[in-house]
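Letters are used for the chains, namely A, B, C and D, taken in the order the chains are written, and counting of residues starts over at 1 for each.
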Amino acid sequence: MYSFKNDYSEGAHPRILNALIESNFEQEEGYGEDRYTRKAIESIKNRIGRSDIDVHLLSGGTQTNMIAISAFLRPHEAAIAVSTGHILGHETGAIEATGHKILSVESSDGKITPFHLQAVLDSHPDEHMVKPKLVYISNSTEIGTIYKKNDLVQLREFCERHHLILFMDGARLGSALCSTENDLELSDLPALVDAFYIGGTKNGALLGEALVICRDSLKEDFRYHMKQKGALLAKGRLLGIQFLELFQDNLFFELATHSNRMAEMLKVEIHGANISFLTDSPTNQIFPILPNSVIAELEKKYGFHIWEKVDQDYSAIRLVTSWATKEEQVAAFIEDFKKIVDKRI
Amino acid sequence: MYSFKNDYSEGAHPRILNALIESNFEQEEGYGEDRYTRKAIESIKNRIGRSDIDVHLLSGGTQTNMIAISAFLRPHEAAIAVSTGHILGHETGAIEATGHKILSVESSDGKITPFHLQAVLDSHPDEHMVKPKLVYISNSTEIGTIYKKNDLVQLREFCERHHLILFMDGARLGSALCSTENDLELSDLPALVDAFYIGGTKNGALLGEALVICRDSLKEDFRYHMKQKGALLAKGRLLGIQFLELFQDNLFFELATHSNRMAEMLKVEIHGANISFLTDSPTNQIFPILPNSVIAELEKKYGFHIWEKVDQDYSAIRLVTSWATKEEQVAAFIEDFKKIVDKRI
Amino acid sequence: MYSFKNDYSEGAHPRILNALIESNFEQEEGYGEDRYTRKAIESIKNRIGRSDIDVHLLSGGTQTNMIAISAFLRPHEAAIAVSTGHILGHETGAIEATGHKILSVESSDGKITPFHLQAVLDSHPDEHMVKPKLVYISNSTEIGTIYKKNDLVQLREFCERHHLILFMDGARLGSALCSTENDLELSDLPALVDAFYIGGTKNGALLGEALVICRDSLKEDFRYHMKQKGALLAKGRLLGIQFLELFQDNLFFELATHSNRMAEMLKVEIHGANISFLTDSPTNQIFPILPNSVIAELEKKYGFHIWEKVDQDYSAIRLVTSWATKEEQVAAFIEDFKKIVDKRI
Amino acid sequence: MYSFKNDYSEGAHPRILNALIESNFEQEEGYGEDRYTRKAIESIKNRIGRSDIDVHLLSGGTQTNMIAISAFLRPHEAAIAVSTGHILGHETGAIEATGHKILSVESSDGKITPFHLQAVLDSHPDEHMVKPKLVYISNSTEIGTIYKKNDLVQLREFCERHHLILFMDGARLGSALCSTENDLELSDLPALVDAFYIGGTKNGALLGEALVICRDSLKEDFRYHMKQKGALLAKGRLLGIQFLELFQDNLFFELATHSNRMAEMLKVEIHGANISFLTDSPTNQIFPILPNSVIAELEKKYGFHIWEKVDQDYSAIRLVTSWATKEEQVAAFIEDFKKIVDKRI
């Protein structure tokens, strides 16, 4: 049984494990003040091309969202997210547990636009309601779509005008930036968003997200928030060593490119079988809409999530590829898929 | 410069890194539902000799304290801790950030007794004050002392009579249980405390604490709390693999025994030089009281914390050993120490 | 300018002010332990016909919702409310500020049914999402509708089966219970809901809500929660004296009946002018849909809220009556209204 | 049985009740936007002599402390209070429930000095501890002492230098300012503290504290915090009418002066009987140290709190006077007191 369930089924890229072994007996400072973490942060800053940003290494997406958002907001301020946003339905109320409401907007492609934001502002005029303050977006989104440069320019302009914080969840930022449809550079982001993170967990690391804070007023005392929420690892080196390995050369981008290429292979062949997709995803998550009978056959050999029921007979499934997805497994899936579909017709 | 600053200066025990490599390309479920985590939990249950306990793997001590205590308490209930307790002064208000006051008691040996608890109960009679509910103890304590079986029996009896929850921070539980003065077994704990954890981070793992919930009423829905506070790692296997390695045989105890032996070597020799200690520690942290001039000399070759000023001329330093402390380094330190002390006289 | 904006535009019923004056120089215990509060609670229990309930007097609706809901829930548990529910959009995230998400359901008549609840349970299967636990309903609802006995019986049955807490916001409970369409008695409620409150602020008091906790497991230590959230008034007598006055005879019900009668007068006449209503409200809030030009004319002499735009030319307004609404003012409004409508045709 | 237990045993000053009656049927806006609240705020600003301050009316001391402190602090920041401070031991962890630790300092006269603050700063150097940020003082203090102008000048200077917020709990500010030993004017406060409140509950009102925010950066959006924590009363007029009555002329100060005079009468006579006091209080709370046998006799006719045991035979009691304390009752107490003391000798 081969799994396309998610992009965190395997361990870490071998170079990362190697780096852990090589550094293992060096004595380092704790809590992220070790030399590896410092070098990793330098590498990330260099890659982004900015020295006036703060970088912090955290363990996972929920942790990063929770700490960043609660650090950035005052008690009466709220976040805005698309209804499919990870913080809204997949993080057990982590944001609310820090005291903040999330205002939900509907968007068929998983992306937020100034149009959505204006509607939220219009319906929250006074102190009887929360004050909308932070815009949470994901790139790539939960349904595999990506923000183009112009999308962000428009959001940015709106957020500045209305004193909103623009925060990008980048748990799958690698896949977004390495998409064939992408027109953004990592170095574009500091001018476009106030903070974002670079997901390591879903792109080759054992665990780790690198949070980048671009806006000066959000930087102060951030390590206090990390410590308070349990995110300062005693052996912070574990995160530093991994991100250094990912960013000292092109490894991070190579892994994401591979992951996307595997998804593209699947997409092309499935599309070729006259199958439509729930969303137009150019990243490592694709959502083909299949007859339930085909799904039942596929499930005998492959692991994946059934994403949503489309009608009586059809459902969308989610296939996820990763840095670790083997090309021969993709080929095998395609072969099996074709057989099942052919038989059906 | 060799460091005795803490027990998390190095990486992980080589067997753990090996286990990570061997399992690296196996596909596993995420969020702690993988086979390694399940096996690790089984191993821990077996070692404790109880099947009616719940075990959860988390990343670090602050995270574990915060999640357990906030899950166990209702909003108006408070924790009680000794004034040197880690949750009181070294976790950036993590417990208070979840809404709970910590009531502090003074104790010269870092341990809480029924006497302390009675005083807290007496001074908190009604709803104008918080309701004391959870007793937080550490074993070993922040100053290296340990709870003997009888200490816990008495605390247990008091807590039961007064409906208090007894929670043991075991970030250094290995060192406590492997101390030559210890009379507790891991298997004694479920009958004595309501919940405790087994620290991996400071005993050979890259990161990881195994929380054991013994009291039934505290078990329900615990994974919700972990997820909400950012503690469910996508690649939960990382924790499972490590604890399986530590507990499938005696590795966990062997590492703690080594660590204690290194501290004992230091203690014997320092004591032999007519040096007194701040606390009577039989574990891997010792606190010799040294002339400031000796400390200044030692600092040229060794890393350690100056714990507290004792008088104008003397200070207590903290020396910490670990699973990774090399016997030859301890010998070298002793030699240097003796030279410095001799020269001084 | 006469206002139909809300039911808290005036002060208190004269009997209440009188009672404050008469008792003014008696010395009483503070924080709700005075004789008036005790008698008020007895009167309420007698009226409900149950001695096994707990009654607490609080200052306002938001305060009561916030304290009750946060006291009843554990950190990972969520409330469910209809999208128009007061806690969702009109309390500045008070519930979220205590750490709890509110899950929203859509309902055209402002009421929740087991159908809505089942859908919420179905979409919240595991620990990656909050655990739905408390059902928040209002009677009367934000749009003036009421729960019939059978509605509550069905909700009750569902909640029991699924271990959900059923909590009724009764800020306008008087108006609901005194509606001509109502078939509930105050004494029915303990068997139907786990907790509810009886609104005084909107029915003749200066301020005050009487929270009734019916389910035993929710009663413990409730005064701690009140104190912690700033709701124990030093001069708790202020609440006790008012509720005693409202419940030692029929004053509470007489005031609500008057309020409903005033709304009914308005409704009959507006309906007679061939005007339709946004909701079918038998209580003290009605929502006629009027041409914008009529609204503009009415606004010259009367205060009211424009509730929502219905189309280009029509909007629904909200007219609210209260214990203090004068019959002659209602008559004057009707006369003016007819003139404006006639002129228009 | 006449009570000297506290200063909130009676209702309100008759002029306040009168004002409630006179305004009762006027229709007013809700939630503190009524004309009375606006006028009350103007009166307070005039009395302070500053137009650049914000004034908000809230219901009680715990509520005001909780809302102000949680609004002023970021999540990792802590308050500092003297160990006898009301927020530390008498508010059921209200501050901690909003997420903030309170750091305690010891002070025999109930007052904080720069010396205490420096020690707190010194022991909180980094992100492993909370960041001390707000200094909470009470005037008068919990033990009846007052801050002199020079005390505040020194605190102010220290706080400015170290970027600390200075917040004054003024639940008994009237008594402090009307003390014969006081050298502060209400109009001095904006230059000395960042925020303070003027207690109405303990000085003639049914309920009410007027919070004054002096520092610009603390003013923004404060009404959001009030609403979120349940402090915006629907009939906000109730607070406005009372504070207008207290501040449109000298009523507030006359009531406090009377209260102090009653305490002074008690103090002089008790002192004349060679009795010493626990604290040197020039305000409406005094703490004579009496033989337990005397206390037992007094308790037969008078209500008061036993504050603390001094030794085997002696205890300090607390006698509190108020605006409503009758001179003849004070005289009666003195007479009884003398008889008991005489008999004993």
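As a working rule, a residue touches a chain if its C-beta (ideal position, glycine included) is under 8 Å from a C-beta of that chain, and two chains touch if they have at least 3 such contacts.
The UniProt protein names, listed by chain, are A, B, C, D = Aminotransferase class I/II-fold pyridoxal phosphate-dependent enzyme.
Predicted, not measured: the structure shown is a model, and the values here were computed from it.
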> Both chain A and chain D are touched by which chains?
Replying inline: B, C
> For chain B, which other chain has the most distant CA centre?
Replying inline: C
> Pick the pair with more C-beta contacts: B-D or A-B?
Replying inline: A-B
>> Between chain B and chain C, what distance separates the C-alpha centroids? Give it in angstrom.
In response: 51
> Using the average of all C-alpha atoms in each chain as its centre, how far is it in Å between chain A and chain B?
Replying inline: 34
> Counting in whole Å, what is the centre-to-centre distance of chain B and chain D, each centre being its mean C-alpha position?
Replying inline: 43
> What residues in chain D touch two or more of the other chains?
Replying inline: 75-76, 91-93, 97-99, 127-128, 130, 224, 227-228, 232
> Given the complex with chain B, which residues does chain A contribute to the contact?
Replying inline: 2-3, 6, 8-12, 14, 17, 20-21, 23-30, 59-64, 66-67, 91-94, 97, 201-202, 206-207, 224, 227-235, 237-238, 303, 324
> Which of the residues in chain A end up touching chain D in this complex?
Replying inline: 31, 70-71, 74-76, 98-99, 127-128, 130-131, 221, 223-228, 232
>> Residue numbers of chain B touching chain D in their complex, please.
In response: 75-76, 78, 89-93, 96-101, 127-130
